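Read through the structures below before going on.
Here come two complexes built around subunit A, the first alongside subunit B, the second alongside subunit C.
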Partner chain A sequence: MSKRALLPRWLTSEHPLPWLFPVTSLLLVFGLYPILYSLWLSFYKRNPATRKETFLPSYNWEKLFADDRVWDAIQITFTYAFVALALQLILGLAIALLLDSDKKGFGVLRALMTLPLVVPPAVTGMMFLLMYDSSFGVISNALYSLNLLSPSAPILGTGSTALWGVIVADTWQWTPFMVLIMLAGLRALPKEPFEAASIDGATAIQSFIHLTLPMMSKIIALAVLIRGIDLFRIFDYVKVMTDSGPGTATETLTAYAGTVYFKSANFPYASTVALGTLILVLLTATLFIKIFKVRF
Partner chain B sequence: MASVKISNLEKAYGAIKVLHQLDLDVEEGKFVVLLGPSGCGKSTLLRMIAGLESVTGGDIYFDDKRVNDVHAKDRNIAMVFQNYALYAHMSVRKNMAFSMRLNKTDKKTMDEKVNWASSILGLDDYLDRLPKELSGGQRQRVAMGRAIVRDPEVFLFDEPLSNLDAKLRVQMRTEIKDLHQRLKTTTVYVTHDQIEAMTMADEVVVMRDGIIEQSGTPMKIYDKPNNLFVAQFIGSPTMNIIKCQVTEENGTRYAALDKLRLPLPDDRDLQVGQALYYGVRPEHFKISKAAHDINASSSLTGIIKVVEPTGPETHVYLTLADENLCAITRERIEMKPGDEIHLQPDVSHVHLFDGETKNAI
Partner chain C sequence: MNSEAIKNGARYFIAIAIVAVFVFPIAWFALTSIKPVSAVFNKDRVVVFDFKPTFDNYRVTILGGRKSDTNSSSSILMGTSGEGAYDGRGAIASSLIIAVCSTILATTISLLAAYALSRLNFRGSQGYMHWILSQRFLPPIAIIIPLVFIFRDLGLRDTHFGIIIAHTLINIPIALLILKSFFDDVPKEVDQAAMIDGATRFQCFYMVVLPMVKGGVAATAVLCFIFSWTEFLLSLFLTNSIRTIPVKITTFVTSTGSEWGYISALGTAAIIPGFIFILLVQKHLVRGLTMGAIKD
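Moving on, here comes the complex of A and B:
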């Protein structure tokens, strides 16, 4: 009798359940349980003075919709996500097009390109914090000397520029990720249609518009989806660089949830804000998938 | 339409030379096939004519205009690729109209041309489909349609039938030839399939290792191969080649291998002891079961290994003095493996090649 036959049938590879068990249990413990727990938490009203929680299912949810800071945070989150996404997408595609070559040295360039990805986001935040510093920061000083900025209005200390300052740090860190995805897509494109197009009389720009973009559309959509979801969850850069400030000029949804949780210790309401963010991300992503017909 | 002239053309990738000083003239309106084994440089040559590969040395002329430095898009050529190279996200109609869209042809002319091409190629019902919804043969036709709407000076085909099944290949072969006869556009066609070359070409150019071994009409290449390589490359089943030496017995010269004596034609300049390759095409063996059926003096006796009836003719694989040979007969002869068979080469169709240079004698 073979060794395989000794095992019960449900333990052999033909049967998927035993093999799905480890990952399923992980998902249940670290994914489903926290969500259900937050949901349960969001049905309670916390009294900050007595620290007592009473079951009042609609209280936090009504508060969420009535909270001006939430609406501001939604607007900031969307602005942040869209601007950062657009920048990273355009830069990513442009850099990928430049790096898509078999010439000598390009392999090294492609590898170097990924360096920002290995820096932890919080460290990137600190790095940019230093570079933005109004007395010795290299970026600030450069902008001062070009007369684009005045020392009286530091980048992260001014409401109108703080969000941009954070977006630049995010873009520096995450553009290489876009470059990687775009490069993988570009290098997998078949050569012949482009040769056929050049014989058909297409210039490089026409080839890009009529062939590269449509052929890359699925990859671009996927990259936008992955980065978009990630950008909605923006927390580290804001926390490290501005701590939602000045005022609430850079307070995104997750940052607001963090503030409510850690500073006000209002766990039920913080859970409600976090769940609201999740619902918003799900809705936006689903809408995007439907409109752009993204397939996995 | 234009003629294509290639002179002293060279191509090298770094230190590796792939084309060595090629000269070729393609007359206006002719169908020329570049034929050779994989890696002989035929596709590279075609891509250089197309402008997809740079020229290392020498010149390419369309009519009298040197086009070495002219970009592919400005050469007014059309090319059909082996894997079709269709634009996957465009319908058949858009694929065919793409070049016209780029040079801003008006919609009416564009529609007329697409309809004209699709009616020639039988694609009328598929104009709004995507390439992935078509069969291999239909895709190949779309690729051809895309080429013919351009009204090009020169048509270039890069192994266009390699991805099709045998039956479709034969059908498309006829269609391409028919198309050429109708449009009379100068055509350069690359293939490694010698049947395609023979059936389609006005002129076949046989290439090997970056040089042109021989060029000429298909029948000239078949009947008068310049050297051993061409002789063996053209023809299916391939030409029988026996390496032997010239000997003289009783005043008659033979090509001899051990005890085997093969008759030699009288009109060649041969020395006794000279090494040579003795070539006979399978159809130039006369075979019979009984020795007296054929001239006994030059009859040879072989043992049948395999009999392959194809319908119109029968291929007989046999051994003759340890040499494996093939003979073709159109007669219905009762044969089975192990039988003795008598065969006699048709001396007027024997090919002789020098033992050292391998060139035809």
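Moving on, here comes the complex of A and C:
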């Protein structure tokens, strides 16, 4: 026998342990432990005056449910996630259908379409800040000349339009991601059903609704799940573009947790808000996976 | 001209128009980076092309030129004081070190785990996959607060190694899922044949299966690199003196105004590496992003 016999089986490459050890230990130490630490932290009440923390397990959690800013933030987060997801899904599918061609020139267009994906989100925020600027911004000025916007109500400085301003930046950056996924789905569709349908006289719209969409449902569900989770965790755009403002008009859950952390240094309550966000994401995602039977 | 040719021409024209909309913000940003200050802040003529291009912004931000030597930099904006405030060389070096190391680390350890999950049938592998997946739901803000304390205690705060660990942690779930889907595409008979010839599991992984999925590994590595290169929140919380590019750029926005020339120069430069990488692996990337939801 070779030297393999000298080792206990669980140390050989036949056993999953050595393979999984690095990933597992890293996730336990820097993934799971912080969550437990966070939970433990959330059981302490911080006295802002004395900066002393006393063990009072229910305090922060009761505060969380009674906090109006949390409920506002939940509403803003859901609005943001749903509107952005719907826009990105529809645009992504439409653009993928448009670009799904083997004709000359379309390959270059598909490559150019991936450009927004490599821009750091913080830089994307800056790009749109520049274009939204109320005096020299190119988007603002275009809207002024179309009479759709007045200089007295700048896009990001007005409560009713600020969230839209952020959604546009997010949609610009992440629609290409949807396009890539949808293109992969479209490319994998079998040809025969479409040929049969066109022989039977189906229009392009009919075969899209009755063939393309059902056959793409799995990939669409996956794309919605991945993008939906990311939208729930939105932080960079809000931080860079509006810093939750004006007032709290664009304050999402993660932005609120960040505000509590940075501005009031109330670490126990900041942890509670962050954990609340995590629980909400987990619940929504699990529900989605169960309903749409997403498999990996 | 027949109607087919008109239809094709119209489709190509619409496709170009839509891609142009998505490329425009980057083009505008790049244009801003070579404009003299007087052209950036000209609110009477927002769309200006007849300016004299200047590379002073690049000289200062990526070549470390002195701000006072350049004549285009504004006298109206004081911005952050200090000669080195707009020198992005340190940030570029930090971002490169962090992105390269975390990409290598995340890809390597995810490869091991993905191989085991794809090949070794063991009890609890499904549960393990779900646990990994749940890490993907984690809003970074939920672990960032305890991570700050843990990093401080371990001496990892404000070190390159600390951010490398943090980025690796965030990249593991997606890297593992994508790599597993590539492994799943390789028939199990390949492993069996190698093992009959006397190869151990590890030899089989390293010498037989790994070369067959190298396209997928490249795509995964590019995704990890782009994530690390563009990441903002973790880098912001976990560092004080070490600044990655996205964090550095946000320091160019000061209470007295934004240095749009420097922001756009460093921002434009930051887009280039990611775009080159994404073009190199585009074929595998599209396949990888769907994480095995499409079997072809």
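One rule holds for everything that comes next: the second predicted complex is superposed on the first by the 285 of 296 C-alpha atoms of A that agree within 3 Å, B and C clash if a C-alpha of one lies under 4 Å from a C-alpha of the other, contacts with A are read in each partner's own complex, and residues count from 1 in each chain.
Note that a contact is a pair of C-beta atoms (placed from the backbone, for glycine too) under 8 Å apart; a residue touches a chain by one contact, two chains touch by 3 or more.
Treat the numbers as computed from the prediction; the structure is a model and nothing was measured.
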item	value
In the superposition, subunit B vs subunit C on subunit A residues touched	C
Touching partner for A:I291 - first (subunit B), second (subunit C), both, neither	neither
First, second, both or neither for A:A202, with subunit B first and subunit C second	first
Contacts of A:H210 with subunit B and subunit C, given as first, second, both or neither	first
Touching partner for A:L6 - first (subunit B), second (subunit C), both, neither	neither
Subunit B versus subunit C as contact partner of A:L148, first or second or both or neither	neither
First (subunit B), second (subunit C), both or neither touched by A:A66	neither
Partner chain in contact with A:L278 - subunit B first, subunit C second, else both or neither	second
Partner chain in contact with A:A49 - subunit B first, subunit C second, else both or neither	neither
Intersection of subunit A interface sets (partners subunit B, subunit C)	none
Of subunit A, residues touching subunit C in the complex	4, 12-16, 18-20, 22-24, 26-27, 30-31, 33-35, 37-38, 41, 95, 98-99, 101, 103, 105-106, 109-124, 126-131, 135-138, 141, 172, 175-177, 180-181, 183-185, 187-188, 218-219, 222, 229, 232-233, 235-236, 239-240, 253-254, 257-258, 261, 267, 270-271, 274-275, 277-278, 281-282, 285, 295-296
In the complex with subunit A, residue positions of subunit B that touch it	50-52, 71-75, 77-79, 81, 83-89, 98-99, 102-103, 146, 150
Of all residues in subunit A, those that touch subunit B in their complex	190, 192-193, 195-203, 206, 210-211, 214-215, 217
Touch list for subunit C against partner subunit A, complex	8, 11-12, 14-16, 18-19, 22-23, 25-26, 28-29, 32, 40-43, 46-47, 109-110, 112-113, 115-117, 120, 122, 125, 128-129, 132-147, 149-150, 165-166, 168-169, 172, 176-177, 181, 200-202, 205, 226, 229-233, 245-247, 249-250, 253, 258, 260, 263-264, 267, 270-271, 274-275, 277-279, 282, 285-287, 289-296
